[in-house]
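Presented below is the structure to which this report refers.
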Amino acid sequence: MFRHVRELQFEAKPEKPDALYAAKFQEILGGQYGEMTVMMQYLWQGFSCRMPGKYKDMIMDIGTEEIAHVEMLTTMLARLLEGAPAETTASAAAANPVLAAVLGGQNPQHAIVAGGGAMPTNSMGVPWNASYIVASGNLLADFRANVTAEAQGRLQTSRLYGMTDDPGVRAMLKFNLARDTWHQQQWLLGIEQLVADGYSDVIETSNAEEEDQRWNKAFYSPNPGSTAGEGRWAQGPTLVGDGQIEFVPDAPPLTDDTGVLPAPDPLLHATYDGSQGPGAPGTPGGGLKKAGQGLVDKVKDALD
Amino acid sequence: MFRHVRELQFEAKPEKPDALYAAKFQEILGGQYGEMTVMMQYLWQGFSCRMPGKYKDMIMDIGTEEIAHVEMLTTMLARLLEGAPAETTASAAAANPVLAAVLGGQNPQHAIVAGGGAMPTNSMGVPWNASYIVASGNLLADFRANVTAEAQGRLQTSRLYGMTDDPGVRAMLKFNLARDTWHQQQWLLGIEQLVADGYSDVIETSNAEEEDQRWNKAFYSPNPGSTAGEGRWAQGPTLVGDGQIEFVPDAPPLTDDTGVLPAPDPLLHATYDGSQGPGAPGTPGGGLKKAGQGLVDKVKDALD
Amino acid sequence: MFRHVRELQFEAKPEKPDALYAAKFQEILGGQYGEMTVMMQYLWQGFSCRMPGKYKDMIMDIGTEEIAHVEMLTTMLARLLEGAPAETTASAAAANPVLAAVLGGQNPQHAIVAGGGAMPTNSMGVPWNASYIVASGNLLADFRANVTAEAQGRLQTSRLYGMTDDPGVRAMLKFNLARDTWHQQQWLLGIEQLVADGYSDVIETSNAEEEDQRWNKAFYSPNPGSTAGEGRWAQGPTLVGDGQIEFVPDAPPLTDDTGVLPAPDPLLHATYDGSQGPGAPGTPGGGLKKAGQGLVDKVKDALD
Amino acid sequence: MFRHVRELQFEAKPEKPDALYAAKFQEILGGQYGEMTVMMQYLWQGFSCRMPGKYKDMIMDIGTEEIAHVEMLTTMLARLLEGAPAETTASAAAANPVLAAVLGGQNPQHAIVAGGGAMPTNSMGVPWNASYIVASGNLLADFRANVTAEAQGRLQTSRLYGMTDDPGVRAMLKFNLARDTWHQQQWLLGIEQLVADGYSDVIETSNAEEEDQRWNKAFYSPNPGSTAGEGRWAQGPTLVGDGQIEFVPDAPPLTDDTGVLPAPDPLLHATYDGSQGPGAPGTPGGGLKKAGQGLVDKVKDALD
Amino acid sequence: MFRHVRELQFEAKPEKPDALYAAKFQEILGGQYGEMTVMMQYLWQGFSCRMPGKYKDMIMDIGTEEIAHVEMLTTMLARLLEGAPAETTASAAAANPVLAAVLGGQNPQHAIVAGGGAMPTNSMGVPWNASYIVASGNLLADFRANVTAEAQGRLQTSRLYGMTDDPGVRAMLKFNLARDTWHQQQWLLGIEQLVADGYSDVIETSNAEEEDQRWNKAFYSPNPGSTAGEGRWAQGPTLVGDGQIEFVPDAPPLTDDTGVLPAPDPLLHATYDGSQGPGAPGTPGGGLKKAGQGLVDKVKDALD
Amino acid sequence: MFRHVRELQFEAKPEKPDALYAAKFQEILGGQYGEMTVMMQYLWQGFSCRMPGKYKDMIMDIGTEEIAHVEMLTTMLARLLEGAPAETTASAAAANPVLAAVLGGQNPQHAIVAGGGAMPTNSMGVPWNASYIVASGNLLADFRANVTAEAQGRLQTSRLYGMTDDPGVRAMLKFNLARDTWHQQQWLLGIEQLVADGYSDVIETSNAEEEDQRWNKAFYSPNPGSTAGEGRWAQGPTLVGDGQIEFVPDAPPLTDDTGVLPAPDPLLHATYDGSQGPGAPGTPGGGLKKAGQGLVDKVKDALD
C-alpha cells in the first residue's frame, strides 16, 4: 500500500514560464523513456517479483521514488505553462518574433485539453502506453532493460538540459541527471548481485543445454566489404569464455531451404498455381483457381 | 543497398502444422522484442550512425542478418498454419477436444486477414509499432538497449521452446537461442570496444560536469521496513569509483516545495479558488469563478 | 512524495489458480476503465490541480489509494497464474476438455512475456494507454469523468464477479465493488461541494454568455418515426431552469450551406473541376487539371 | 438505415482561412472528446441498445445529429485551410513573422496527406481510435459517460472559442456550445428518466447484495496531513442514504497479506530463490536456479 | 445532414447465437478493412471533396450506405451473442467440448465491456483507428484505395462465409458479398469517369514534368537468381505507352554515395570519432568525445 | 537471406540542412504510405506468397529495393538535420524570424530522442505501425493495395517536392517520383498478368457462386437530391459484363427488420425493460430490473 505527503522529492521551480520548452519537456515525462515508463516498469516488476526480500524491496523502493519523479515533472510543466498564450494572437505575433515562435511551437493540448497542465504524452503528443513497460519475471533480463531505460532517459534529460538556460529548470535537471547516473549503477550492481547470489549469468542463458553450439560464437557478415571484423566483437575469446569468436565474411545461407510454402487451403482463396499440389483441406483442385473459371471469364464465355 | 537470395539463413521446417502454437509464436516475430524489432532497431541505428567504419558496419551487418530472421519466422508461421481449421466446425469440435482447443485458441486473423500466413502482430494481435525501436545516436545507450532486446528476446524464445515438442520447430529455435546468446555478447563486447576506444563510459555520463554530485550516490528507500539495504546496490563503492554508496532509509523529501501551482489563465476555465492571486493573463478576478455567478445560480436568482 | 509498505490494502488470495479467468481479469486492471486508468487519472488531476487544500488533497488521497488497487490486482493475477499450463500440451488436451478450454483461452503473453505475471494490458491484450486519462483542470468536467470511470469499472467488476465462484477472488471483488460504490458517491458529492462552494454549475457552462440561446433547449429528431419525444429529455423545463425543452420532430437543416468548398491549392494536386474558380495560390488555371493534359493523354497524343 | 441531404445542420463559414487555428481545431473533431467520439459512441450505444422504444430512439436521434457535426467540422476545416502556405517558404518567412508562426505551427498532414482537408486526428496528429467509445449496454453507466463527453467537449470548444476572433468560426462555435449545454442536460435527464422508470439507480449498483458493506462508506486518506476530511465527501450521510460517511485519516492496510507470490513455473525461467518452495509444475528443484549452475559458471568450472 | 429510419438496409438475423463466430466476425466490422473503415473513409472523402456535383454526391451516397452496414453488423453481433456463456464454467466445460471451445475462443470484452454487444475492434480486440482512413483529396489515388478496401473486405467476408453454416448469417453475407462486388466495380468505373472527364490519368502523375525520365521504366532486380523477368511487368511497352520496360538483373547501386553522415552537434551527445570533422554548432572539438575524458576514466585517473 | 553494400541506391545529398523541412519529410518515411510501409508490405507479401516463381520473385525484388529507399530517406533526414538548432534560443529567435519559424516547427524528437537522426514516425510523430501493412495471400487484392500505396505515396512525394527548392533534395525526389510512377504500373501489370495466367479476375470474386445476384448491380442513393446518377458508375453495363447497372434513387430499406435485439443475459446487467421477454440464461425475471428494486429505492423504503 502507498502513502503520500505533499512535499515533492525535489523542488520544481522554473524561474519563468516557457511554453515552447514545456512542449519539448513532455518527452522525459510521457515518452518511451520518460518518468512514466520507469515508474510503471519498476512498480510492475516489483509487484510481480516472485522472491520476497531484498530484490523485491529494492525494486519497489525505486519504483516508489519514481512516482515522485512523475509528480515533480507534472508540477514543473504546470509551472512552465503559466500564462501560456491562449488568446487571439495574429496581431501580437506580428509584433514579436519570439512570440511567433512560441505560438507555432507550443503544444495545443496543453491549453485545450489539459487547461494549462501537463499531458500524459511524449513531445509529439503520442499518449504514453504500457507497451513501453518491460517486466519478464527474469531479473537479469529486466535489469538490463532498467539500465537501458536509465541510460536513454539520462541522455534525453541531458539534451533537454542544453535547450534551456532557466536556472530553476536546470537545478531540477541536475538532480535528475544525478539520479539517472545513480540508477544506471544501481541496476548494474543488481546484476552483479544476481550473479553473486547464483541466480543468474551475466547474459540470459535459460535452456542453455538446448541451444545449438555451432551458432553461438559466429559473427556473420552479409556485406562483402564490411570492416566489422576489426572490432573486439569479431575476434578473441567469447565473453563467457567458452571458445573463440569466429568472423564469417560474406556469410552464406546455412541451408538450402528456399522458403517454398505448401499449397493454401482453398477456403482461404489465396492465389495459387498448383505447383505445390492440392491445398489442404480440399479436393485435388486444391487452392488452384483454374484459368478460365473466374467470374469475368465466365461472363465473357456467356457473351461469346 | 540490399540484395536478396532465395535461401533462408537457416531452415524453418516444422514436422507438422500447429495452428495453436502459431498463435503463440507470433510473439517472437511481431512483439515488443520480436525479430521485427531487432531488425528495424539495428537497421535504424546503422542508417543513422554518424561514424563510418567498423561500428557502422557491425551494426548494419547484424541488422541485415535480422531481416533474414524475420524471413525465417514468417516462413515458419506459414508452414505451421498449413491446413489450419477454417471450416464449419461445431460438430467437428464436439467430437474432438484437441480440435476444440485449437478452434478456441487459434488466431482468427491468420485465416481471415492473412489467408494462412503470418501476421505482423504480437501473440495477442497487437500490430508491431515503431515505438519499440531504440536509436538515440549514442552508441553506449543504444548498445544497452540492444543487449536488453537480445536478452528479452532469448528468454521469450526459450519459453516458447518449452511449449512445443515438434523437432523441426525446435531445430530452428536452437539456432535462434544460439544467435541470441551470441548477440547478447556481441553488444556487450561493443560496449567494451566503445570504452577501449575512448568514445564512452560504461554508463551514460553526458553533461557529467553539470550533474549535482549530492544526489548521485544515494539509495533513497521510501519504505520504512525495506530490506533493500542488504544488497550490493546499497553499500560499498560506486560502480564508477567516485565514492561510497549511501543508503537512506525512510527517505524524506529533499525540499519543502509542496507543488502549489500558480493561478490559471481565466481563458482556460480551470477551477480555481483565488488563493494564488489572479490568474494570468486576466484581470484581478483572474481564474476565480465567484460563488453565485454560475448559470444555474443566475437562473435560480431570476426565478426567485 | 510517496511511501510504500509491504501490506496490500486488502488481501488478494484466490483459493486456486485459474489461467482462463486470469485472461478475462486483465480487463479491470489494464482496460479502458481498469485500475490503471483511475490510478493515473486521479494522480494526474491531483498533480495538476491549481487549488491547494481540500480538493487537491481529496483527489490525491484517492489517487494514492488506487495505486494500491493496481498492486492488489497484479498480485491476484500472479497468484491466479500459478502453474498455468506452459508445457507441451496436445496429448494432455486430448484427455481433458477443461484443460482444452484453458489452453485455447489463456493469454499467451502471461507465460511468454510476463513469466507468469500480470500484463499491463486489457483482456484482449491491448496495452493500457494514457489517452484513457481525463484531466482537464476543470473539476466539474473531471469529476463527471471520475463518476463515469467508477460506474463503468464497477459494472465490469460486477460482470467478472459472475464469472467465477472462487471464494478468494470473490472476497476481493466484494471489496472492489464496495469501493466503486463509494467512489461513485464521492465524486458526485464532490460536484455538490463544487456547486456549494460557488466554483461550478452542475453542467459545464464556461463562456455561457457567448453561447447561442436559440439552440440550447431543443431536441432535434432526425428520424421521422422517432418516439424519443416521449421522454423527460424532450419535454418540461430544462434542467437548469432557463425555459422549456422543445422537441423538433423530423428536424430540418438550420442553414442552406451545402458545404461547397473553395478551389484547391494547385500545389496540392487535389482533383478539381474549376467550378469554384481558380485555386489559391496559383494562376487562373488554379487547381483544375484540364482534359487532355494528363500523362496518358499526352502519350496518346504523341502516338497518334 | 440512414439518409443524407446536402445542407449542413448549421453553417460553417469562416470569414477567412487560418491554418494555424485549423491545427488546433482538430482537437474537437478527432480528439478524445471530439465530435467523432460522440458520433460513434451514441450510434454504437443505439445500435446495441436492447430496449426498443424511446431510449433507443433518443440515443439514435442524437447519434444521427452528431454525424452532421462531424460533417460541419470537416467542412469548417477545409475552409480554414484554403490557401494554406504550401510553397517554398524560407524567404517569405524572413519577411513576415506571422507567416513564420504559421509555417512553424501548421499541421503538415493537412497539406501532405489530406490535400487541404481535415485529418481524422486530434490536434497533435494522433489518429482517432475506437477505445474512446464507451458502450456497456448499461444505460446508467453509459449516460454518465455521455454527460462527461459533452462536458469535456464543451470545455474544449470554449477554450478554442477564446483562441479566435473570426466571426464566422465564432458563430458556429456559439451553436456548438449551445448544443453541448443542451446535450449535457439531455443525458442527465436521461438518468432521471431511467430512475423514474425503475431501470436504474443514480449510481451503478449491480450485484449490490454481494458487495461488502464494511467498505462502501469510508474515505481512506493515505496522507497523514490531508485536509480532505473537510469536504462533503468525508462527512454526513451517504448519497444513497444508507448510513454515515466515515473519514479514516492515515488509513492503514486492511490486511497483513504482503503480496508474497508462489514459486514460479521452472519452464518460465523466472528468477527465484526457492523461498516459496518448489515451483509448479516441476520437481523439488522448482523454479530455483542453483548457484554455480549458470553457463558462465560452468564455463569457469571447465576452465579451472 | 443525416436522417435515420429504424429499418436496417438488409436483415441481420442469425438462426442461432454463436459466440465463437461472433469473435471472428468482428474483423469485418472493426478491422483494417471492416465496415467502419469504408464508412468513415467514404464520408471523409465526401466531406472534403472540393468539387460539388456527381463525384461528391456519389461518394456521399456510398458513405451513407456504409453507415447502414455498420448498423447491420453491430445488430448481427448482438444477436450472435445472445446468451453467450458468462457463468461459472469449469464444470460445464468438462462435460461439453464444444462449450469448452467457445469458452476458450470467445471474446471476453463482448461480455465484460459491451454487455453482450459488438465491440468497435477487430477480431483480435485492437480498437478501430482512423489511420485506416485514406482521403487525400486526389480522387484517382483515393478511388484506388477504395477499390482496395472493397477487394480486401470482400475477401475477408468470403473467408468468414466459409466458417459458418448458419443460414441467417449466410443470407446477410451473400448480400455483403454482392455489395462488395458492386462497389469494387463502382470505384473502378469512377476511375474511368475521372479519366473520361479529363481530371486524371489512370496512374497518379502530378508533377510528371519534374520526374526523372531515366528511372520510370526500369525493373531493378536485386536478386541474382530472380525469375521476375519472366512477367509482363518486366518486358514490353509501359502501361502508359511512353517506352519499353527495361529489366535490370542483379541491379547495382546508381550512386557511389555511401551514406556517410556529417559530424553530430556536440549538444546532442551522439557517439562520434571525429572523422567527419568538428560537429556543428560547436568548437573544433565538435562531437568528438576524446579518449580518456569520460567520467570513469577521470575517476580512474584520480585514483591512480 | 539478405546482403548489404554500403552504396545507397541513389544519392541523398541536400544542398543544405533544413530542420523544418525534415519535420515534414518524415511523412514519406514513416507515414501510412511512407517507404517503411511499402518495404514491409512487399517483403511480407513475398515471404507469405504460396507460389514459387516469377510472382514471388517479383514481389521480393521490389521489397528488397524498398529497404534501400528507407535507407536513402533516413540518410537524407540525418543530413537535413545537420546543425539543427538545439541551443538556448529565445534571444536568437528574437533576432531572426526564419529561425523563429524553425524553432516552432521543428520536430523535438529529432534532437531529444534521435540525436539528430530520422525518427520511425510520420510527420506528426505517430510511430509507424504494422496495421498499415496489407498482405492477404490473395495477389489480386494485394496488388490493388500496392497500386494504392504507390499512388498515395507518389502524391505525397509530389506535394513535398513543391515545399522545397533545395536542388539536392529535389534530385532525389525526382528519382522517387519516377520509381512511384513505375511501381504503379508494375502492380497494374501484375494484375494483367494474374488475369492472363487465369489466377484471378480483375475484381475479387471468391465465392462468386454464393453471392446474391439481386444486389450486385445496383447503386443505392440514400440522398433524394443526389446527382450521382449522372456518372458512369450509375448507368450502362457492369464492368464485368453481367448486366446493366441499376440506379435506385431515394433508396428504401430492403427489409422490415428494425434491429430489435433479444433480451440481455441478466448476469451482464444491461438495462432492459422486459419487452423482449426474459433474458437468457436467467429466470423469467430475465434482464429486467424491476422498478423499486434498486439500492437507492431499497434505502428509501427502509427510511420510510
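For clarity, chains are labelled A, B, C, D, E and F in written order, and residue numbers in each chain start from 1.
Methods note: contacts are C-beta pairs under 8 Å (C-beta built on N, C-alpha and C of every residue); 3 or more make two chains touch, one makes a residue touch a chain.
All values reported here derive from a predicted model rather than from experimental measurement.
Looking at subunit D and subunit F, the chains that touch each of them are A, B, C, E.
Looking across A-D, A-E or B-D, the pair that copies the D-F interface, with over half of its contact pairs the same by residue number, is A-D. Annotation: the subunit A:subunit D pair of sequence copies touches via predominantly different residues, less than half of the used numbers being shared. Centroids built from CA atoms put subunit D at 4 Å from subunit C. Work out the mean CA point of subunit C and of subunit F, and you get 24 Å between them.
Chain contacts: subunit D has residues 1-9, 32, 47-48, 50, 53, 55, 57, 60-61, 64, 68, 71, 75, 78, 86-87, 97, 100-101, 103-106, 111, 113, 115-116, 121, 124-127, 129, 131, 136-138, 140, 155-156, 158-159, 162, 202-203, 205-208, 222-223, 240, 253, 258-259, 261-262, 264, 267-270 touching two or more partner chains.
If touching chains are joined by edges, the resulting network of the protein chains shown connects every chain directly with every other.
On subunit D, the positions that touch subunit B within their shared complex are 155, 158-159, 162, 267-269. Against subunit C, the residues of subunit E that register as touching in their complex are 1-6, 47-53, 55, 86-90, 93-97, 99-101, 103-109, 111-113, 115, 121, 124-127, 136-140, 194-195, 197-203, 205-208, 240-242.
Considering their complex, residues 5-13, 32, 53-55, 57-58, 60-61, 64-65, 68, 71, 75, 78-79, 82-84, 86-87, 111, 115-116, 126, 129, 131-132, 134, 136, 138, 140-141, 144-145, 147-148, 150-152, 154-156, 158, 161-162, 170, 174-175, 177-182, 184-190, 192-193, 196, 202-208, 210-223, 226-234, 238-240, 251, 253-259, 261-262, 264-265, 267-270, 280-281 of subunit A touch subunit B. Those residues of subunit C that touch subunit E in the complex are listed here as 20, 23-24, 27-28, 31-32, 97-98, 100-106, 122-126, 155-156, 159-160, 162-165, 222-225, 253, 258-264, 268-273, 275-276, 287, 289-297, 299-300, 303. Looking at the complex, you find that subunit A touches subunit C at residues 1-5, 7-9, 30, 36, 40, 43-44, 47-48, 50, 57, 60-61, 64, 67-68, 70-71, 74-75, 78, 113-118, 120-121, 127-131, 133, 135-138.
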